C-alpha cells in the first residue's frame, strides 16, 4: 500500500490516493471521522481557531461500502480558508518554517497561502490514510496507540499497556496521567499568552506485530521504514526506538533484553529496551518509539528574518490563527504514520 | 546512486555493488582505505582482537582509475574467520542481538557464524560505498564529518565547525576534546573489565549542501532520506536533527532560527536549531544530526535467554572476540551513511 | 515525475495525482482539453455513444496558473454513467476482458459497473498526465506525435517527419494518408454492422530527445521504461522499437544504421532501424515505436463464457454502448504514455 | 527479489547480487550450470570462438547448500579476454552498437574493451539469477521454457505444450521442429560466410502461473513487468503477448478467448490469444510471449561510421570473435528474464 497526499491549505481541496489497498475491507468512515476529529482544530483555546468539518469524500476504490482493491482517493474540501491573512507577509520568510528553502526548491512558485502544501492541514489526509491502515491492521490483530509523553519538559507517566493507550484516545488531551496533562495545558496557555509556542514529544506503540518482519538491509529495515514515515510528519525532528537516546547512558548488561519462553510457548523478553526491533527485524514485543516535535514556528512575537522579494533583512509580526502547540493534535497523525509503516512491514 | 551490500561474517567475502555512480571520478582508493582503517578492529584494547586487512578489490565499474558509470562492485575477502567460536552457542539467541527475530525471519536458514549477514563486519562495504560518495560530494564542495558526542553518559564538547571535524578524523579516538575522550576510553575499559559494554552517540554534520534539496512529502523528505540510511547502520536506535530531543523542552521563540542576509548575499540563520532542514528541505546551513548507538549486545557475562532449537529457557556465556564499545569504530560508518544520503538528496 | 490514476467508470469521479512536477510551468489547460477531446467518445459512429464533457478540475499543485512543484491532482467527474446497463450481466465474465482475472485478483470486490477501474475511461486522466508531460517536454524542445498505422490489416503510409504527425493530430481520424484512413473507417463500420470489433496498431515518435538517456541495466533501459508505460494502456499487447518484428527477417548489414557527422556537427544515422535506441540508451535519432492494440473485447455477438457466481458455463449477449474500434481514440493516449516515459528518461 | 548485475567483458569478473531470495532453497548449482552451458559461446561454428568455463562462485547468501535469505552474490571470472582485439577500433563507433550513445551517456569513460558492460557476456549472470528464480518457481509448480521461433524469416512450428519445450532445452539448437532448425542453421552459416549476421525471434511460455497476478495500473501490470525484464536483455527490440502483432489483423470475435469450466472445476479458455493476461492480470492460461532480437551488430564487413575521438566520418572493419547469430544462445537468457519477471509477479 502506497499513499500520495496532495493539496494546499487554501486550494479547493486536499486529499490522498492509496494504492494497493487490499480488497474487501468494510471501511468504517466513522472510525476515520473520529481520528480526524482528534486532529481537528478549533476545539479549545489550545489550538488554532480555524474551523472545518474535515468530511472526507471518497471518489474511488470503495464500492458498496467495501474496498475494491483499486486505488482509493479521498478528498476533503477546504471551506474556512482566509487567504487575506497571509498576503501581506508573503515575502517574509517565517523563521522555523520552510518558507525560505521552499522558495529555493520551488523557484518561488509555491503557494504561500497558509503554508500551502507545507500546512499542518495536510495531515488530515494522512490521518485518513492511517485510518484505512489501522482497520487493515485490526484484521490481523495489530493495534496502534499513542500518548503525549512531553510538553515543554513536563513528562507524562511511562507507557504500560495497550489498554491505557486505548483509554487515552478518547481524551481531548491524550495523556496517561491527567494531572500531568493539566500541567502541560497550563504551559501551553502560558506560552500562548506570551505570544509563543511550545514543543513536545509523543510516544507511540504498535501492539501485535508478529516477530520476523523487516531485514537488516537498507530499505527493508524496520526502524528505517518507520522513521521514513514519521519524518514525513511536519514538525517531527527526532525518532527514537525503545530506550532511544538513553542507550548512550547504558551498559550492555542493562540494555540487553533477556529472553524467555512464555506460558503460551511464545518467546518474549523480560523488558523492552529494544522497542520491539533487533537488527532491523521485529521481535514480537510491542514496537515502541518516541518522536520529538519542534515548537510551532508561527508565533506572534516580532522576529528577525529576510524579505525574499527584496532580498534584505526584515522584521516580521505574524497575525492570523496559530497553534501554540501541535503536540496534542499530532497524536492521531503519529498513529497514522505508524499504522502505514506497520502495513508496509507486514506487506499489506 | 543505489547500493546493495552482501556477505556474511564468515563467508568467503563481503562486498557492495554501487549502481548509478557518475562516470569520470578518479577514485582514490587511499582515501577509502583510510576510512576503512578508522573502522577496522584490532587496533587497541577498545576493540575486538579480530585482525583483517580489509583490502577492497574492485571487480567492475572502474577503468583506468576512473569510474565508468557502470555498476561498481568491490569485494573484501574474509581472512580471519574463526567459526569454531560460534558453533557451541549457535542455538542460544544472544539477548540484544537479532538472533531470535532472524531465526523467525529466515526460517532458521541464516548463517549464524559470527552474526552472519548481521555482523558489524558488513559495515566495511558500507564504508567503501560511503567513500565513493564522499569523493563525489567533494566535487560539489560538500564534506561530511563526525565525532563521538557521548560514551556512557560522558559528553564531548559541542561541534563548532568543519575544521574541528577534519582534525577529528585523524585521531584514533575521534573526539573534539581529548580529555573527554580519555574519560570515555576509561569508561569503555572499565566496562570491558567487568565483562560488559557501553553505548554512546555520534554527532555528524554535512557541510556545503545547497538550500532547496528535498521536499515535504513521504519518500523525498530530507530527514526521512537521512534516517533511512542511518537506521540501516547496526546498533543505531535514535536519529535526531538539530536541537533534536531538546525541542521538547523549548519554546518557539528559542527554536526558531532567525534569518539574515550574509555579507556574500546568501541567506543564513543566526543559529541552527533546525539542523539545516525546514519542512523536509535543506536550508543551506550545515545538516547536523545525532545518532544514538546501543551498547554492544555481545558481552561475556552470563545472560538469560532461550535455546531456539530446544525452545526452552537457557543460560548463555559468550566467549570469542567482542567489542566493549562500537561507537568509535562507527564514526566513519555514520559518515558513510550520511554521505550516501547526501548523494541521494543531491540527485547524484 | 510519478503518476497515480484513480477512479472507476461509474464512480463519482476519475483523476490523477502527479508528483514531482517541476515548478513554474504555465499550464495550458486548452492544450490538455484538445487532447482530451481527441480521446473523447461520442463523436461519430466509430465510437461509443457515451457523451461526457471530460472537463478536468485541478485540486492542487497549480497556483496563479503555474505549477507549484507540489503534487498536482486533477479530477474529472463522471456524468453519463448508466449503471443499469451492466447489472444483468455482472456475473458473466466477458471474454477478452479482465472480468475473470479481476474477480480472482480482487476477491470479487471490484466495481463491475462499466469495467470499473479497468474501463477505457481511465485513459482520460492518463491523457491529462501526458498533457502536462508534453508541455514540460516542449520546454526542452521535445515533441511527441502518433498516427494510426494499421486497422484490421489496412496500413497507413510510413511515418516521415514531425510535421506530418503534427498535421495528423488535428484530424478526427489521425492517419497520414486519408484514403487509407477512409478504408480503415469502412472496416470499422463493417465490423460494427456485424456486431464485431477490430484491432490495429499505432506508430508513435518522440522527436528531439538528446542522445545519452537511459542505460543498459534493468530498470533504466530506455526501451524498458517506454514499454512499462505503454503496456499500462488498456488493449496494448505488443511494443516494438524501430524495425521491430522485422528484425527477425533481417541481416546485420541491413539492420545496422551507419553513422555520420551531420552538417551541424551532430552525429546522426543514415537510417533509423534502431528506433532511436542502442543498448538501452537514446542515440539522438527520433525514438520510434509501434504498439499493437487488440480488438475491443466488448462485442454484441453471442459469446460462450462462464458465470462467475454460479461457476458454470453460460452464454453472454452484451447490450450497452461499445466501441467497434479503440485505435483512433487511443492515439492521444499512446502519445501521453510516451510523453510520460520521455519525462522519466529525461529526469523530469 | 531484486537483482543487480555488474561487470565488464574484459574486467576481472562479472556477477550478480540477488536481494530478497527466500530462505531455505536447496540451490542446485548443476541446474544453473546447465543453463549457463546453453548460453555459453564456443560450442559450434554458429557462435563466437571465445571459450570460458563460466563457473559461478557464490560469495554470500548460501550456507550449507541452502539460501539464507541474505543477499546472494555470485561472480564469474573472466578468463579468456583478449583486449588487444579491441584497442585499434576503440574510437570507431560500431553501427548498431551502443558505442556512440554510451560515449555520450558515460562522457567517454566507459570501458570499451569487448563492449564493456554492454557485452552479451553480461547475460551469464542474468542466467544465474534466472536459474535461482526458476528453482523458486518450481517449488510453486511454475515452469518456464522457450524455443527459437524465427531465424532470418524461417519459422519454427507453433508451440503446443510444456513437454515440447522441456525437450527443446536439451537440444544444442533449441527448436521444436529440427528440420526447420537445420534450415535456420544454414541461414546462419551462410550469413557468417558473407561476413554478416541474422536476427530472429524467441517464443517463451510460463506454465502454472495462478490467475489473479498483476493489476491494470502502471508498475504492477503483468505485461509491463515482463516487458521491463525482457527489454533489459541485449538485442531485444520487440515484445508481444499472445497473438501479439496479429491482433492488428483480427476481429474481436476471433481474438476473444471463450471461457469454460474445465473438468477439474477450474476456469479456462478455449484458445489463448490473450497470452495468459487480460487487463494486466494473469488469467491462469500459460503466459506466452515472443521477443524479437535484432541481428548481431558486430559484422566483419566494411561499415560507414564515425570516429568519436576525431569527430569525423570513418570506415570500420571489425576483426575479433563475433556471433553470426545470438538467437540460439539467447534462449536461456529469455527464460531467465521471464523467470525473474514471474517471481516479481508472484511476490517472490
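Note that the chains are named A, B, C and D in the order they appear, and that numbering of residues resets to 1 at the start of each chain.
The rule is simple: a residue touches a chain if its C-beta (ideal position, glycine included) is under 8 Å from a C-beta of that chain, and two chains touch if they have at least 3 such contacts.
The structure displayed is predicted, hence computed values, not measured ones.
> Which chain's mean C-alpha position is the greatest distance from subunit A's?
Here the answer is chain D, farthest from subunit A.
> Consider the two chain pairs C-D and A-D; indicate the one with the greater count of contacting C-beta pairs.
By the number of C-beta pairs in contact, the winner is C-D.
> Roughly how far is subunit A from subunit C, centre to centre by C-alpha average, rounded to an integer in Å?
Taking the mean C-alpha position of each chain, the two centres sit 39 Å apart.
> Could you give the separation in Å between the centres of subunit A and subunit D, each centre being the mean of its C-alpha atoms?
Averaging C-alpha atoms per chain gives centres 47 Å apart.
> Measuring centre to centre with CA averages, how many angstrom lie between subunit C and subunit D?
Centre separation, subunit C to subunit D: 27 Å.
> Hunt down the residues of subunit D that sit against at least two other chains at once, touch-wise.
Those would be 4-5, 19, 69, 71, 105, 117, 215, 217.
> Could you list, by residue number, the parts of subunit D that touch subunit C in their complex?
3-5, 93, 95-102, 104-105, 117-118, 122, 150-153, 191, 196-201, 210-219, 221, 223-225, 227-232, 234, 236-245, 247-261, 265, 267, 269-270, 273-275, 277-284, 292-299, 301, 303-306, 311-313
> So in the complex, the part of subunit B that touches subunit C is made up of which residues?
So the residues of subunit B in touch with subunit C come to 19, 69, 71, 215, 217, 347.
> Mind pulling up the subunit C residues that touch subunit A in the complex?
Of all residues in subunit C, those touching subunit A are 4-8, 11-15, 17, 19, 23-24, 57-61, 63, 66-73, 75, 105-111, 116-117.
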